[in-house]
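Here you go, one structure.
A, B, C and D are the chain letters, set down in written order, and residue numbers restart from 1 in every chain.
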C-alpha cells in the first residue's frame, strides 16, 4: 500500500538546544520511500549521519524562539505483516554476529529479570515464532493499552508492574521477554496506518527463522501499513528527537497517515 | 542556495538486469535534502543499504521492457566552495584511521605511477592546499575538457596520455596526483548548478588541514552549487548506476538543475 | 611499563553452552600487545568477530564436561594515567558522531535519573574534567568499595542506594553521573597492576577536551598499569564471558598481573 | 593442523617513515590464533585499528636507524582446503550487501577488461565453483609461476600479457576473471605451510554457494595450511607493510612456517 505521512513538530526554544532527530525514514527491505520532505523553520544548519543501527540521524542546534519541523513522506509498504507460525528458534551459535547485541539487556529492557515469567508465558509453545506470539497474546490480555498514559519511557520491569502503558511500553516488555528466552528482539519507532488515536508509534521485531518479524501487541490481526523511522535496542537508541539540556517538549505534535492511490 | 534537481533515466531492458543505483542524495555536512522523490516505473521491489563510504545504494532487478527512474531533489547547498590557501598538509601519522584508505591507489587512480609528475607540478608550493590548487591549475592548462568525449571511465594514466576528457577523467587524474603526494583524495559524483552542458557531474575532494575541500578542474572560480550523490575512491565505487550482465545504457538521460527561491 | 597477565577460567559444563568471550586484549592507542596466548581445553571451534565497539569477541559452544580457558598477555601500557584538570567540556554539537551514543542511558547506567545529584556533586566545578574528577571524589567518599560484594551487575540507581559495591558498580554510577551532565562516558573492563585483591577489573572513561580520559574511583592517585579487554556502554556490552542458557560460573578464576622487564 | 609462523623484517630507515602494517593475524572462521608475539625494536609507539575489511592494522612511525619487526604466531588451521564442485553461482540480487564491493574492478584487477577471456576459459562449465576451478586450471596451464620475478604488484592485464608472475600476480588475474563473470572475489595475503620457496604468500577467495572458497593457482591439490594476515579487494588494500615517503625495502625478510604438535 502507499501511504502519505505528515509529521509536524513545533517547539518554543528558550536556550539554544542541541537536538538529534530521527525523522527521515529510509528505504529498506520492507519499505520504499518515494517522496520525502523535511523542512526546518527557521532554516538551520544540519549535519546528518548514520548511527550504529543504520538509522539516519539529523544533528541541529535550535536557536531561541519558535522552531518547527515539518516532514512529509510517501512510502510504499506492505499491506499485511508477515506471520509465520512454526518459524524456528535460531540457536545462539547460528545467529549472525551483527544480531548478537539484540540478545543483551538494555536500558528499558531488563531481560535479565524476566526468564521465569517468559518461561511461564510460553509453556508448551514451539521455540521460535510461537513463543513470541504467545508473549504478544499475553501482553494483550494482561497489559492495558492506554495511549497518552506515560510520557517518559518506562522499563519492562516498570511496565510489568504498572499493567498499563503506551505502545513503547508494550514494545519494551515484549523485547525483554523475548531476549530472556535468547530470542533477539529490537524496538521499531515509526508510523502505523489507522492507528487510533493517530500519533507516532512503536512496536517490536523478533529474529526468528533467520529473519526479523514484526510484532505489535497494541493491535489486533496482522494488518500492515507500518512505516519505520528508526530501530535499535530500545527507546534510548531511537528517540525521534533526542534533546540535550533543559527539557523541551513540542507544544504541537501533528501526525497524519493517509492512504494514497497506487499508480 | 536552494536547488531543484531532476534526473530521469530511461532504459529498455532485454533480460532481467540487476542494478545498484546511487541516485538518492543524502544530507551531510555540506548539503541538506529538503525534498526528494524517487520513482521507478514499473514499480519494482527495492532494497536500500549504506555502503562502506556512507552512500545510500538501491538494489533492484529491472524486468524486460521499458524501465524508467525519475528522481527530484530540493537541496540547500553552499553558494561558494570553501577555498583555503595555506591549509596545511596533514602528516600521515596524524590522519584519522578512516581516511587512510584514500591514500591507496585504486582502479582508475594509479597514484603509484604519478609521483614524479606530481612533484614537478607542485614545485615550490607549500605542502597542502596550495599543492592541490597547483594540480588543479595544471590540469586546466594541460587537459582539454571535452564533455561527452569518453563513455567508459579512463584511468589517470590514460587521461594523462590522451590529454582530453570528461569531468570524471579530470577527477581521476587529480586524485592520482594528490595521493602520489600522500594527500588523501576521493571522487564525488553528483550535480552542479550551471554546468555546461547540463549532465551529471564528477569532481574530487582532497583532505587538507583536517577536513575535505572541493576541487574541480573543469570549472573556473570557486562557485558553489554542488550536490553530492555519492563519494568513494574512484568511479568504480560510485557508479550512479552499476548494472550487471549485458551492458544497458539509458536511451534517455535528462538532468535539470534549477535555482529556486529561499524562504 | 610492561605487564604479563595470566587469566585462567575453568568451568564445569552440564549442557552444551554457547559463550561469547571478550578475553583477547587488542592494541589501541593506550596499549600494545606484544605477546598473547589463548588456549581452550578441550580444543573447541571458535569464530571471532569485532563488535560495534571494536572489541574482539570469541564465539564458542562449550561441550559437556570440564572446560577451561587459559590466556596470557604481555602488554606495554602507560606508567601513569593522564590527568588533565581544566580540560574542557565538549559541547554536544561538537562531539564526533561516533561518540554520541555514549550520552544515552543504558541498561546499568540510568543517566536519565541522575541529573539533580550530578549537579549537586559538581557544584562550582569547571565544566569538563573537573566535574568528572568531582564525581570520582564523591564516589570515593560516599560508596564503600567492597570487592566480591555483588555477583550480578547492579545499575547505577541500585548502587547509589546500596552505598557499597564492586569496581563495576563504581563504574556504572560514575558513567550515569557523567552522562546526566552530557559528558560521554563508557565502561572499560580489563586488568590493573597491583589491584587488591587481584581479579578482573572495571573502570570508566569520560570524553573531555576531545579525547577519552581514564577514571577509577576504586583507586587512589593516578597510577597507570591498566590493560583493556573491552569497552562499551556498560557491563551489558562488555561481559568478559557472556553465556546463554542455564547459568554457569567458573569454579576457578585465576588472574595474575606481574611487571616484567623492559628491554 | 597447528603451525608456528615466524616472520621477521629488518629495515634501515633514513628518514622518519610512517608505516601501516598488517602483520597480526586475527582469528576468524578458518583459523584460531593460539599464540602471538609482535615486537618492534627499538620499541615504538603503535596505534592499531580495524580497517573496512576487518583487518587489524598497526600504525607506526619508524625513526632513523635500524628498525626491526619480529612476529611469531601459533595458529590452528585446516588440514585441507574445502572444495565443492557444483557449488552454485549466487545471483547478484541475492548477494549480501557487504559482498557487493567485491564485484567491482579495483587497482590491480581490471575486471572490466576480462569478460571475453573469462567466458572463453569457462566455456561449458556450470556457473559457480566449476567456473572458478576452470579459471584456476587455466592459470596453472598458461602462466608460469616464478617466485621473486616481480617486485611491484602487476595488474591482471599486465600479468595476462607477461605470462609469468609471483603468487600475488596469479591472485590478481584470478580475481579479475572471476569478477568479470559477476563472481565476487578477493585477495588474501598470509602464509602457507610447505610453500616453496618459503615466503609470504597471496591467493584468492571466490564467493560461491553463499560462502567464500579458497583458490590458489600456484599450488596443486587442495592442501590446507593457509594462515590469513589480511584480505581485501587487491594488493592495494592488503600490503603487509604500507610505507609512505621514499621507498624502504626490508634488507632482511625471514619467514618460517613449521608444523607443531597438536595437544
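Methods note: a contact is a pair of C-beta atoms (placed from the backbone, for glycine too) under 8 Å apart; a residue touches a chain by one contact, two chains touch by 3 or more.
Predicted model, so just to flag it, every value in this text is computed and none were measured.
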item	value
Self-contact between copies chain A and chain B, residue sets same or different by half	same
For chain B paired with chain D, centre-to-centre distance based on mean C-alpha positions, whole Å	30
Distance from chain C to chain B - Cα centre to Cα centre, in angstrom	43
Inter-chain centre distance, chain C versus chain D - centres from mean C-alpha coordinates, in Å	36
Where chain B touches two or more other chains at once, by residue number	none
Pairs of chains, among all present, that meet the touch criterion	A-B, A-C, B-D, C-D
Footprint of chain C on chain A - complex, ascending	18, 20, 49, 51-52, 57, 59, 61, 91-93, 97, 100-101, 103-107, 109-110, 112, 152, 182, 236-237, 242, 244-245
Residues of chain D that touch chain C when the two form their complex	24, 26-29, 32-39, 43, 46-48, 50, 54, 56, 58, 76, 262-263
